[in-house]
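As written, the chains take the letters A, B, C and D, and residue 1 is the first residue of each chain.
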Amino acid sequence: MLRIAIVGGAGRMGQIMAECLGERPDMTVVALVDPNEPRDCFGAQHLTSVQELARELDAVVDFSTPDTVVATAAWCADHHVALVIGATGLSAQQRIAVEAAGEHVGVILAANFSIGAVLSERFAAMAAPYFERVEIVELHHDRKVDAPSGTAMASAERIRAARAAAGRVTPPEPTERFSLEGARGADAGDGVRIHSVRLPGLLAHQEVLLGSTGEGLTIRHDSYDRRSFVGGVALALEHATTHTGFHFGIDDLL
Amino acid sequence: MLRIAIVGGAGRMGQIMAECLGERPDMTVVALVDPNEPRDCFGAQHLTSVQELARELDAVVDFSTPDTVVATAAWCADHHVALVIGATGLSAQQRIAVEAAGEHVGVILAANFSIGAVLSERFAAMAAPYFERVEIVELHHDRKVDAPSGTAMASAERIRAARAAAGRVTPPEPTERFSLEGARGADAGDGVRIHSVRLPGLLAHQEVLLGSTGEGLTIRHDSYDRRSFVGGVALALEHATTHTGFHFGIDDLL
Amino acid sequence: MLRIAIVGGAGRMGQIMAECLGERPDMTVVALVDPNEPRDCFGAQHLTSVQELARELDAVVDFSTPDTVVATAAWCADHHVALVIGATGLSAQQRIAVEAAGEHVGVILAANFSIGAVLSERFAAMAAPYFERVEIVELHHDRKVDAPSGTAMASAERIRAARAAAGRVTPPEPTERFSLEGARGADAGDGVRIHSVRLPGLLAHQEVLLGSTGEGLTIRHDSYDRRSFVGGVALALEHATTHTGFHFGIDDLL
Amino acid sequence: MLRIAIVGGAGRMGQIMAECLGERPDMTVVALVDPNEPRDCFGAQHLTSVQELARELDAVVDFSTPDTVVATAAWCADHHVALVIGATGLSAQQRIAVEAAGEHVGVILAANFSIGAVLSERFAAMAAPYFERVEIVELHHDRKVDAPSGTAMASAERIRAARAAAGRVTPPEPTERFSLEGARGADAGDGVRIHSVRLPGLLAHQEVLLGSTGEGLTIRHDSYDRRSFVGGVALALEHATTHTGFHFGIDDLL
């Protein structure tokens, strides 16, 4: 039974982690660390700082802010407690501080803990060298202010790299007549086109479409809820508590 | 039992009509009219010109060229035989000649005889006033030289008109940051975006996606084979043999 | 500006209605009626019974229990206030009481206020007579205890009725060899097959697939959130405040 | 430039191979072997038996019948020519004879040369241990006489095996109330449900749907045309002409 503390435990992701990790048979959440009062403690103790944490912990999950993450990493290194970090936006210097903790304990930092998203990207990259053309359709709610999505950009880059490594070159675009500009989407390199759909109601969805003579392969990922991160965090916890060292992303753990 | 002749019977669509209309229990194909020898006559007689047609016909289906269509229309008007035309590219003058035949017999001219495509467009227009935003994703094989497809342009126009008639205005685009140009597709008016996917393997597919708070409606049409026109031609034949007058499109017959 | 009270305002749907109807420019929510304290009043007054309601109301929205609905209907009839009911499970007698209120004011009772769901069902029924076969795939989260879903059963019945009315008969099932029982789903009559997928992560989704030679039409509805009911309730409010009489369902209002 | 002969070259797959392999820049089809006259020779020589083949061949592709395949394998072993076999229905003894040829030359026997289908199955098996539940929806034209499809059965078995190997157990089915039998599809073991849709118009399509809390991953394969086998055959030819030994399937070559 892993004994876990959640830093940023009053935040949106922290609350989800407190609720969902606590429901797993192999984990118990003993403390929520946050300067703010959590809406729900889910049976754990509320502390305002990592300094107050007891030593009988197996791991810390941190979904707080970059500054706090650095303090958490130092504490974990000192007390030999594994660390899984979901906070984003670390500066280069903050990242170095976090990586340093990996010399003493298991530390995993990831931007995306969704196992489905990570596998989607991997499968797209694995399949890309075997198909003539690849396009991406990503669909999000209409409050999203950027296009294409960061995930689509990252997927396109992995697809492009996999094709380049295999010596696969996308033939030139045969489309010649455009009645409307923009119809063919954005070219993310090597002819990998990205199409961004924005509609109210939608959550976060992505399809990678691969086509060759006579057949098509589609890899679709649907994110319905942030609780989709729980599985990936649990996987990272298992790894960090059994392996010393710093690790970026959960792709290698799958 | 309708007795039918097919003009342009040696062409690709003519051969499909000869085979598939002939399989229907309520029709018999008695003649294929074409200057070229048909690959298969499917039990019908081969004639080289409409002038050779016997009078005991109920209807003519014409998938030939504009010039021939005008001659066919004149013959049908003279001999009181219904006419269904699938040939495209008629000039204004040729169209007038064809419409004139409708004063004597039933004449139906249509660009698209696919019942699924026609219903898709109708449903999209019916639903459009009730949703906040609408986008179209059309997917075709990579030999298609134009984008967006003509069908997508026509669908977008009907959607726009239906929304305008209902006083529905699409709110301004919230997307602000574009890492790549073209990601949001082509704006076909009133914020109806069209995204054109081109991949080998694909045939002809279109999705109209409608979104509102908490829900989405998708109307998808897949064209796998030109034989999908047979149902619409049969419907047009039923109508043309029972109603005098010129009719454009099969939408009103459904 | 419609002045609205929400009965059952402390319940899950009541809270959503209070929040979302209140955000519309043409409506203001003045009171939440519920024996329980609402988590949020969204600026409205909290009352414990309809008897306490002031007369200057335009309409009442009731998402409470059958017993309360009957009392609400009596109050609305007496005070000439329109009524929209989303509560389910009324007995025959309770339904009669509710319908009686329709002699004095506009009353709309509906099981499903999702405009997308209602249109999906309508389009499926409209298209069904024109296709050779129809199947339904409905996909829900894995906590759903019944299969097929009530919506799928209702859709199948409307499809069957539309085909019967058009004299369309589904040809006998050609499948002969079953390596596993149940693969072809449930037969809901006239060969309309229903397939129920149950997976964690999913919300509520339904696809009606219609097929004929060479083409397919798919009508898909995705429910992501109960806020999808707000549009339909607003539509019902518009109608009930302008038309006396009882109405079941919102289909006719679209 | 690989010099290739096609046994069964007058058959449907043989004709596709003759046309499509011949269009590749790295291959030339020099002979079609078939007792029947091929409809089109695509510039190759027509022979009636493998005995007539010249020695300057690099490889033989055999899409004929089991008996012929055995003779082809013997000839290839004797003349040191690589062999790729797409014929199905070999008896155990015929298979032994074919495998024996692999002691002398490269021999690849496969039931499915579609790269997309092979990758789909592999990805489904790779992802299966990470998700709570998995279901398969396979969709085929309505002339298919068996259900579920052989591909779906094979996919389900690989998914089951991958989950078992990872110690993943599917929780018991929560569905309790069935208004119609068969709605939940066929159980292919470990709760992997298969749903078989049969509609005219459809070709051959399969979706593997994987679900966990808050997210879903879908792997879809669409077969539009038998020419989808060409890529896999070309891959097998590359391998067989460079590696001695018998190989079943193309999965390991990807």
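Keep in mind that, in the parts below, a contact is a pair of C-beta atoms (placed from the backbone, for glycine too) under 8 Å apart; a residue touches a chain by one contact, two chains touch by 3 or more.
Keep in mind the model is a prediction, meaning the values are calculated, not measured.
A.B. asks: If you walk from chain to touching chain, how few steps can bring you from subunit A to subunit C?
C.D. replies: 1
A.B. asks: Suppose chain centres are the mean of their C-alpha atoms. Which chain sits farthest from subunit A?
C.D. replies: Here the answer is chain B, farthest from subunit A.
A.B. asks: More contacting C-beta pairs: B-D or A-D?
C.D. replies: A-D
A.B. asks: Any idea how many Å lie between the Cα centroids of subunit C and subunit D?
C.D. replies: 46
A.B. asks: Taking each chain's centre as its mean C-alpha position, how far apart are subunit B and subunit D in Å?
C.D. replies: 37
A.B. asks: What parts of subunit B, by residue number, touch at least two of the other chains?
C.D. replies: 201-202, 210, 212-216, 222, 224-225, 228
A.B. asks: For the complex, which residues does subunit B have touching subunit D?
C.D. replies: Listed in rising order, the residues of subunit B that touch subunit D are 201-203, 222, 224-225, 228.
A.B. asks: List the residues on subunit A that touch subunit B in their complex, please.
C.D. replies: Residues 132-133, 135, 137, 139, 142-148, 153, 173-188, 193-202, 209-216.
A.B. asks: Please name which positions on subunit C make contact with subunit B in the complex.
C.D. replies: 20, 114-117, 119-120, 123, 126-127, 130-131, 210, 212-231, 254
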